[in-house]
Amino acid sequence: MGVTADIAQAAWVTGLLALTTTAILLVASPPLSWWIARTRSRWRAPVEAVVALPLVLPPTVLGFYLLLAMAESGPLGAIAEAVAGARLAFTFAGLVIGSIVYSLPFVTGPLASAFRTTDGHLLEAAASLGVPPATRFLRLVLPMHRKALVAAGVLGFAHTVGEFGIVLMIGGNIPGETRVLSIALFDRVEMLDYVGAHVIAASLLVFSLVVLTFTYRWLRVP
Amino acid sequence: MGELVRDTGFRLRADLDVDLDGVAALVGASGSGKSTLLRLVAGFEPGAAVTVEVDGETWQGASANLAAHRRPVGTVFQEARLFPHLDARTNLTFAAHAKRAGARLGFDEVVDFLDLEPLLGQYPRELSGGQRQRVALGRTLLSPAKLWLFDEPMSALDAASRREIAPYLARLCRRHDVPIIYVSHTLAEVLTMADQVMVAVDGEVARVDSVGEFSTSFTTPSFGDEAGAVVSCKFKTYDPRYRLSELAFGPSSLFVRGDLSSAGPRILLHIPARDVSLATTPIDRLSILNRVDGIVDAIDDQRDSALARIRCGDGQFLLARVTRRSVDELGLAVGMAVQALIKSVAVRTGAP
Amino acid sequence: MAWTSAGAGEPLRLAVASNFQSALESLKADFPGEIVATYGSSGLLYAQLVQGRPFDAFLSADAARPGSLVDQDRAHSPIAYARGRLVLVVNHGNPGMDWLAADKRVALANPETAPYGRAALETLRRLGAESKRINALNVAQAFHFAASGAVDGAFAALAQVVAQDIGPDRYWLVPEHLYTPIEQVGVVVAGPNEQAAKEFMDYLGSERARDLIRKAGYR
């Protein structure tokens, strides 16, 4: 395979991975963030800490344990085997799971901060109309925080695109399935293909810059 | 209802057993627990150790806590609390997502009743304070409920907005769709809206009066210039020549503008004390139509005037505001026969 | 034999391909001079050398990169210090050609950058094995993938198997006719410490050192 095709394929895998991860996070994170923002449970601090772990841990630590968990004898691997008869390690699905863990705090954190500012009076008003909590969440809380949702989604997406350590540990560098841009870049450097490395590195740099610029500008618009 | 003990040491006792019918005003000085009582009924204090029983059903107690959205109670708050991201129409129809039983009014009826048509496409930030509260009112009317709680719905508004919304509130209170508990600290509001009055003192509902009893009771906290009596009359005849209705007020008659023949068997009139003058001898020729004979029942000397309570024919009272000089010159004293000259009468309600 | 650099103060800085780690540890204990070794993939170490990171000698896992350094006059005195032996380590079953034929997932070092990966790929192609290939960064990671249980087996260096004390029933020594020999070449890097580096390379060629290298799993 030529260099260009290899990079294009890695870009495709990267985009697909980031989109899938972001889509799943945008469904799973809001309820979790809402719980974190509103609960008085003593479990809040431990749950918050677990969610925030990827912020402080080297991704390779997460990758190391994820690989063990996704092995046939590991808990995740056993579940995947039992439920879908499929394997997780070194597959796209496994990479998605790793990315979800890795990018979770980047989506959950900003959302929880935004949810904390929710005007409780409006929720009371909705309750007084007879509207149940789930509907209040879907029809009031989420639309009122749509900017925070978009910002969290963009952060999650961009962060997944930039993922390296976890993919390195659980990806297996399989072209078309788990070879993402950051890994392809690493390969190019090892192969002394500095032109290819430049193409990938500069693209990632410009992409991140553009995405963040547009997001920050959009957030300013009233 | 039981007892609420808050962290602050504030205690609310409300061993209430009120037959709610029409509008029950809840009045009392600030800090007397009026709003807390409403929040308890509405279900906004789920952690409070109280017993809330309504219609024989326990909503809150040692073993039960009915969530706010399941209680058939609609609340109108001091602030409109409209949903900022939805236009007026969607705010109004938001209760379509409600999951509870209860009667609700039709959309067109509510829009018509509150004149909301021109506001429907607008967002809360584009509406004035009074318009916002009108939409909020409509939103509550469209939610399924067996009881409405109005928590000082006009207190956060400026005078102009209050004038805008007061007629709608008054008309709503007269409709008697659903019983209403109406928290207020304005006597005028109580006298124009309420059928019964619950008086909260130091976190305790001290008594429940009919609005007539309440309006002329001197134990009522002084409301100054707004004092006035609410009296009950019966329709007698309508004279189309002068367009005047004659109402029976005990043995006397009161004349009120307009045809009240279809206003129901019992008509409540609001008679402000400042519009009642007293005469010690009957006056024959006078432009004032409404003259009622009575006996001075009590005189309350206030700083620069006095409030006289007059017992009329069938035991109902009127209030008259007179200067202290007049008290002295006329020699007004309890037990004296007087004639009350009534300059203005406002028809209030056709309560059952 | 006299080691002039012994006790001279300056430790010898070696860039060493990671597959040679266990062998070098025993050589370090035997060699009288002080040695500071940096382990990594040959590609990465090569890149660092070219970028000017100071190393006195480079023990690569291949012949091409040292050759390239010699061509650039950055290094000299190449010596084939070891010939790597490819093994297939498996988690279950009998390691061998038949094992490969089944639908197995096998980790190997990146064939485009790592000599053992290249050799593993050649082997798979020669055998026409349809196993699913998982690319690891290097031979050490391929070995880790297998050890973690995430793959069914891995192509690794015999040196790793020896160092990890893995029993003969768990690995298959791949016949050398199945892949191009893995010649591991070392060079002396041009610089102030050339003399000491040259002495170490001479030591590598000594019978005493070759014995240690063989014991570690090389030919």
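Think of it as A, B and C in the order they're written, each chain with its own count starting at 1.
Just so we're on the same page, a contact is a pair of C-beta atoms (placed from the backbone, for glycine too) under 8 Å apart; a residue touches a chain by one contact, two chains touch by 3 or more.
Please read all numbers here as calculations on a predicted model, not as lab measurements.
Novice: Applying the touch definition from the top, give me the chains sitting in contact with each of chain A and chain C.
Specialist: Chains that touch both chain A and chain C, as defined above, do not exist here.
Novice: Quick check for you: compute each chain's CA centroid and the global CA centroid, then name the chain with the smallest gap between them.
Specialist: Most central by this criterion: A.
Novice: Using mean C-alpha positions as chain centres, tell me how far chain A is from chain C in Å, no decimals.
Specialist: 37
Novice: Where the CA atoms of chain A average out and where those of chain B average out, how many Å apart are those spots?
Specialist: Computed value for the inter-centroid distance: 57 Å.
Novice: How many angstrom lie between the centres of chain B and chain C, each centre taken as the mean Cα position?
Specialist: 92
Novice: Which of the residues in chain A come into contact with chain B in the complex?
Specialist: Those in contact with chain B are residues 121-122, 124-133, 135, 139-140, 143-144, 146.
Novice: Which of the residues in chain B end up touching chain A in this complex?
Specialist: Checking each residue of chain B against chain A gives 42-44, 67-70, 72-75, 77, 79, 81, 83-86, 94-95, 97-100, 102, 136, 139-140, 143-145, 149.
Novice: Across the complex, what residues on chain A touch chain C?
Specialist: My answer: residues 67-68, 70-74, 77, 87, 89-90, 168, 170, 172-174, 179, 186-187, 189-192.
Novice: Quick check: in the complex, which residue numbers of chain C touch chain A?
Specialist: Going by the criterion above, the answer is residues 41, 43-44, 46-47, 105, 107, 110, 112-113, 133-137, 145, 148-151.
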